[in-house]
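Listed below are the structures to be examined.
Each of the two complexes below includes chain A, the first together with chain B, the second together with chain C.
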Partner chain A sequence: MRSSGVGRWSGPLSERKRRGCPDQRECRRQPPCAPVWQAALAGLVRVLSCAGFLLVAGALAAAPPARLTLWQGFKFSEVPMLRRNVDEFVAEYRQRTGREVVIEIGQVPFSDMVKRLKSAALARQMPDMAIIDANSMVQLAFGGVALPLDTLPNFPAASIDELRARYVPGAFDTNVITFKGERHLYGLPAQTTTLALFWNKGMFRAKAKELREAGLDPERAPRDWDEVVRYGKVLTEPSKNLYGFGMNNSFWFSMPFYNQYGVEIVRRNEAGLLEAAFRGPRAEAAVNRRVGLYREHGIEGGAWREGALDPDQGFLNQRYAMILVGPWQIENFRSSGLDFGVALVPRVPLAEAKALGLVPPDADENSTAVHALSASNIGGQNIMVSTSSKHPDIALEFALHFTSEKVQRAWAEELGQIPILLAAQQNLKLDKFPEVPVFIEQINLAKPLPALPYGGVLETEIVNPEMNLVLQGRQTAAQALERICAQIERRVLKPVNDAEMAARAEIRAKTPSGN
Partner chain B sequence: MPNQPRRTRRLTADALWGYIFIAPFVVVAAVFLVFPIGYSFYLSLRETTLYSSWYNQFSDMVWMGAGNYVSLLTSKVFWYSLLATFLYAALLIPLSLAASLSLALVLNNQRLPGYQALRSAFFLPHVFDVFVVGIIWLLLFNSTSGPFASLFEALGITWFKVHGFLDNPVTVLPSIAFAMVLKGMGFGMVLFIVALHNIPESIFEAADIDGASPAQKLFRVTIPLLRPMILFLVVTSLMGVLNGFTEFYAMTRATGGPSVSFLGETVQAGRVSGLHLYRLFDESFYGHAAAMSFILLVIALLITAVNFKLLGDRSQ
Partner chain C sequence: MRPLPPKAMLARYAVLLPVLVLVQLPLVWMIVTALKAPGYGLVLRFIPGPGETWFEDATGAAKNMYTLGNFRNVLFDADFPFWRFATNSALVAGGCALMTVALCATAGYGFAKKQFPGRDRLFALLIAAMLVPGLIYMVPQYAIVLKFGWINTWAAMIVPHTANIFGLFLLRQHIRSLPDSLIEAAKVDGAHEISIFGRVILPLSVPVMVTLFLLTFVGQWSNFLWQLIVNTPDSKLITLPVGLSYFQGQYSVQWERMMAGACFSIIPVAVLFLVAQRFFIAGLTAGSVKE
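Coming up: the complex of A and B.
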């Protein structure tokens, strides 16, 4: 670089001769003997360059900040924490990159989020990010509004599976969606929930004598479904509207039964296409176990009916001694002065598990395989980045910040949430929320709903009505499962498989012949 | 006729002014009525797909032709929804008319102490929102802790405690109809009172002279003379039932209530046409939802035509 500079200063040989330089070599080392006007011009150019540089630098410094919008449906008690996280991110981002970011938070009712996003997409008013129901993620991916995060240049891992190892697997999996034959990550888990068993300690104590007489400990929750029945029979008094158990008929709330019995809802066949798998002895056993609590044993208070006292309200009113519910109700129950405990979802009884081949024949009560039978379901919310975002890289950085260990620890310790990052689940200070460790244990045994489009149809139009008929005693479990499978095939899977076949045909058509 | 061309010109000018005056309303009607109806029909011939982009939901639909109509007309759930709607109408309309007329006859007696306060009290539920009323009735009909179930239990009838009101396929439609009768009878009462005031007193005096008993006066004089009002209420109630949605949404928690088997298909007992239409729309099957709305429109037009015919015959 330096030599070229000298050359530039030295100028052509003829010019040096013309200026009368005595020694041409010496002249090469000397600054040019330019006339005054040339020097002035050069000076002017330098001044202008400096001024231009300062102008550009100033303009850059005054550039408008990157503006992003975030729609969320958190509870009002959680929003201050979210605002704090946003402020921390903005400050940290400014310090790291020197760039200003503004994140505007929009409050949308949780249950309306998908509808609002649909309207927003039509009106070209999509937010850059949205925190949505984990089970709705697949709709957004298929609708082309959720950006595959693994395609962004600042994706923080070499592969989706590498990133998965850091998170609660079930919660993470709700974001991994196969779309037109391609598997991508469409979001990150932002908040996760699962169901656990809530039991009313006061109601148990009120029947302590009877429970002891039945050989049961009134100071603990039942561990398997046979125990639930035994406890329930002591606790149930229909004449006083008191029941041992209250359950919801929704598919999502029933998933712990199906997960425990190792039931698949759909699976991929040898051709790689989806097929309904919600049938067979295990599925029938799961349905019969659930329905039997109401029909056979009479310990369920009819909370599954739309017009009855629902499980949460019944638990609050001390009508149902045990229910399956998530951590979102802890504060509600606590503020009502209810004396309650939280335990793992009761599991399949060991003998039944062995008979169904769910555990090895030599498994005992303390084995890991038996512990894993307490499987529950996965809910919660994911954070997605919109395909119309002008700053998807910043949005991804915010999503990663929100799921970082520091933030997740704060959500657990200050709000009693289940951390979605595995590292954040260790050494938590949970003095205010003694129930959270149970939920952490439960979430790691949980499995999500299958990631299918038309998930709403699956739940409200297919499974719930059929199960309602079983609970009414108007059809058997086997009949219901056959009808459910037929409808899943026709209304949910056929469109997906047709689309996948079309996508494969398209890929084949693009592939050069002979390959 | 030398003046004729001049008169024609004047008529044309008058017509022009007329068109100018109605133009704003025509434009508003075209934008907010004609275009949406036309566009809905266009949508009814198309359907969203699994991959329809949310950014272009309506333009990213595929052509179905009459496919949506065929699909609906061969759907058992659709036919059940129509059947449930007409069952609901058969329960609601006669009960509503009977309750409204009874109230009107009682409260038309101005010698009854507090009749004005009673009229206001019975009319009051009509001004409440259907959704709010539905939620209140949901609590009242609660089979575990609701007052109705407890009342029947106290009377020795435990059936409702076990099977519920809104939880049972047999009772869900009658329960909703009962709630809506109580909500709407005040409005019918007001209309009947107005109609009763319009019956000339001389007719009743003539009946008295002829020695008619109170029952004869009611069935031979009052009710025949109230027939135009009855027909009017039947027509408007039928239209209301065809559009019925909110009460079912609120009282069955948007599901349609308990399941029932209909021709081998599982459907929800309270899934009337309005709720079925909503569910189709909610699941983003916009083409099916639009097609269903046109089928319901045709049914509504047919019912209206029959009623107009009846009303027309009567007035002649």
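Coming up: the complex of A and C.
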């Protein structure tokens, strides 16, 4: 009986002394009391313990580091900063947990990132993390490629909304996706961007006298769309190919109009299914405002037409005095010696906003409600963790590190990026990037595109062609919106709603009856 | 050939000159953009304005409109391994072109000079496959490559492109135009099949094979999508077209650097054409006249 034997042979020396064994030889004949056996056994146990400890420690020390891959499509000028962030995280993680982590960075052409991720998912060669276009997030979430971060044990907040309070709301919302009746957070904003108004100071000064005569200040940008028209009429000279404003016909670039006019593209009905909502007086007013700059007032240079100078190039070549563009062009414009300023996107004129019920009837020019009318759109990139990652917890920690205040401050102060963390927007040293504060103000008023899959179809195959016809004067805003809604229902929402219904049926089938 | 009278010569050049300008404009535009300083890539001016200089001056007081910095950056930027990308492209394009020529020459000989049941129907079927756009094949090809575990390998980058029906057609038509009497004479002299192919058919098909080599090389040198999807971003086998696309950001493109890279990328192709142009012209016209 091994167990009783062990019991007999065990017992500390002090115990045997207490029991009284003066004769050592006697003790040797009686193993349970023999000190030599005791000592040998104790030594053996110690040696084995030490060996075990060393083995475990050795195994831990020799354990291969956790390897993670990160795919990104940043500009070359941004990659060194990303590497620095990775190195900082690895060192900090090692210090905190004693565990080695290796994060390998893979460069992917930005425009091919989603395509690349889809083929990698097919090949089961997904990276652990990817930094992707904010508006493509929904495709990857619906495709089951992006992991819901709020399901991870180390999710750093009690709820999605608690975490949301720390970030730029519009940028954060591009990661919050409802699918199969469940609302989850599929990523964190990594870089955010938005449109603001760029105005050519030189072109304004060249027409300073005429602007003053029209009661306008040549040293500032227009604040609302009526002012844009007034400035534009002075600045436009079609005979010289000079126009007050230039804008392309992209859905994403037109979002500031829709956001300012409080237009919903889709909404959930009482049954929780999506339906098209891109219609009604506000939507028509938004379209007419945008189209009217070209058709009614003639101040927009037709930058949306095939073969025309696009807004960026037109602004760079001093053909368009004002355009809506993001911070990515600042460096380009500055390098070319252009004298330009950046201002908030002009907002809905106060009288029109009151008539449409966008602001309270008693709101004045300085009220918060009116300020919020300058809503722009949301772009940028999100960091997602893939469902196939072997270390999703570490990936989430890296994502949190990347969006931490320290990192976001560095990206803002050294590279002129807009911080996505609200805490990092305070007290920044932005001497090198004087335009960034305007973008920070603008981003906090921005709203994202609706979280729908088939975003490409929505933009390039549904909205843009219909709006093109409105710009050409071949249909009215109301007609275009009706046709857009019909196509959204059929081509975008039907598959989403069908999937939603199927998922609900599946859940119902799994739920025991009576519950 | 008699020289043309001066007036006719003048008229010829008057017609050719605008065509030349039209054809060369993209090339010139690419080089000019590559020479422009950052920020000037999309500026439609070519002569420096007030406060601007042509190139960097020592004082740095004025903005320079042109620079050689883009070329330096492309060649020596630590984050842009140009030489690795270019070597990979050369190996893929060269390997693919060699294998294509070898396969098409043997198959072309079989279809042109050998008799076997269903030969013409099989050839017609292969030709009909050319009607299907190449992109359609991409997904099944990718699935096969995946099944073989070839992702991030030379095999994935080269093998799927070696079956070239156009090349087969080109060589078959050429070999068909070779007189059968040559083959019969070789047989009388005791040549076996390999000798006939190696000593009679191949030497007479060099111009067409060079043409096919060049066409395949150029096609694969600039192949973007396939090489993008069969390599993961951490692969060491990334090719130059994929590398050049790294200059494209989310909303903006570094045109100046991208054009500098493009300037380098056309050099191997241009050199190949210069070296092999006499074969190329002969190869394109070969087979146009039947025996």
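Things to note:
Please note the rule applied: the second predicted complex is superposed on the first by the 467 of 515 C-alpha atoms of A that agree within 3 Å, B and C clash if a C-alpha of one lies under 4 Å from a C-alpha of the other, contacts with A are read in each partner's own complex, and residues count from 1 in each chain.
Here, a contact is a pair of C-beta atoms (placed from the backbone, for glycine too) under 8 Å apart; a residue touches a chain by one contact, two chains touch by 3 or more.
From a predicted model like this one, the values you see are computed outputs, not experimental measurements.
When the two structures are aligned on the shared chain, A:160 is found in touch with neither chain B nor chain C. In the superposition on chain A, A:273 makes contact with neither chain B nor chain C.
In the overlay built on the shared chain, the residue A:363 is in contact with neither chain B nor chain C.
Touch criterion met: A:474 reaches chain B, while chain C stays clear of it.
In the superposition on chain A, contact of A:110 is made with chain C only, not with chain B. Touch criterion met: A:317 reaches chain B and chain C at once. Once the two complexes are overlaid on the shared chain, A:75 sits against chain C while remaining clear of chain B. With both structures placed on the common chain, the touch criterion links A:125 to chain C but leaves chain B unconnected.
Once chain A of one complex is fitted onto chain A of the other, the partner contacts of A:326 are limited to chain C, with no touch recorded for chain B.
Shared interface residues of chain A, touching chain B in one complex and chain C in the other, are 122, 317. Only residues 49-58, 138, 141-145, 164-167, 169, 251-253, 255, 257-261, 266-268, 279, 282-284 of chain B touch chain A when the two sit together in their complex. Touching chain B in their complex are the following residues of chain A: 117-118, 121-122, 124, 140, 142-145, 180, 241, 301-303, 305-309, 314, 317, 319, 388, 453-454, 456-457, 460-461, 464-466, 468-469, 472, 474-475, 483, 495-496, 499.
Residues 37-40, 42-45, 51-52, 63, 77, 79-80, 142-143, 146, 151, 228-229, 232-234, 242, 245-252, 254 of chain C are the ones that touch chain A when the two sit in their complex. Residues of chain A touching chain C in their complex: 69, 71, 73-76, 79-80, 104, 106-112, 115-116, 119-120, 122-123, 125, 127, 133, 193, 312-313, 316-317, 326, 328-329, 331-337, 379-381.
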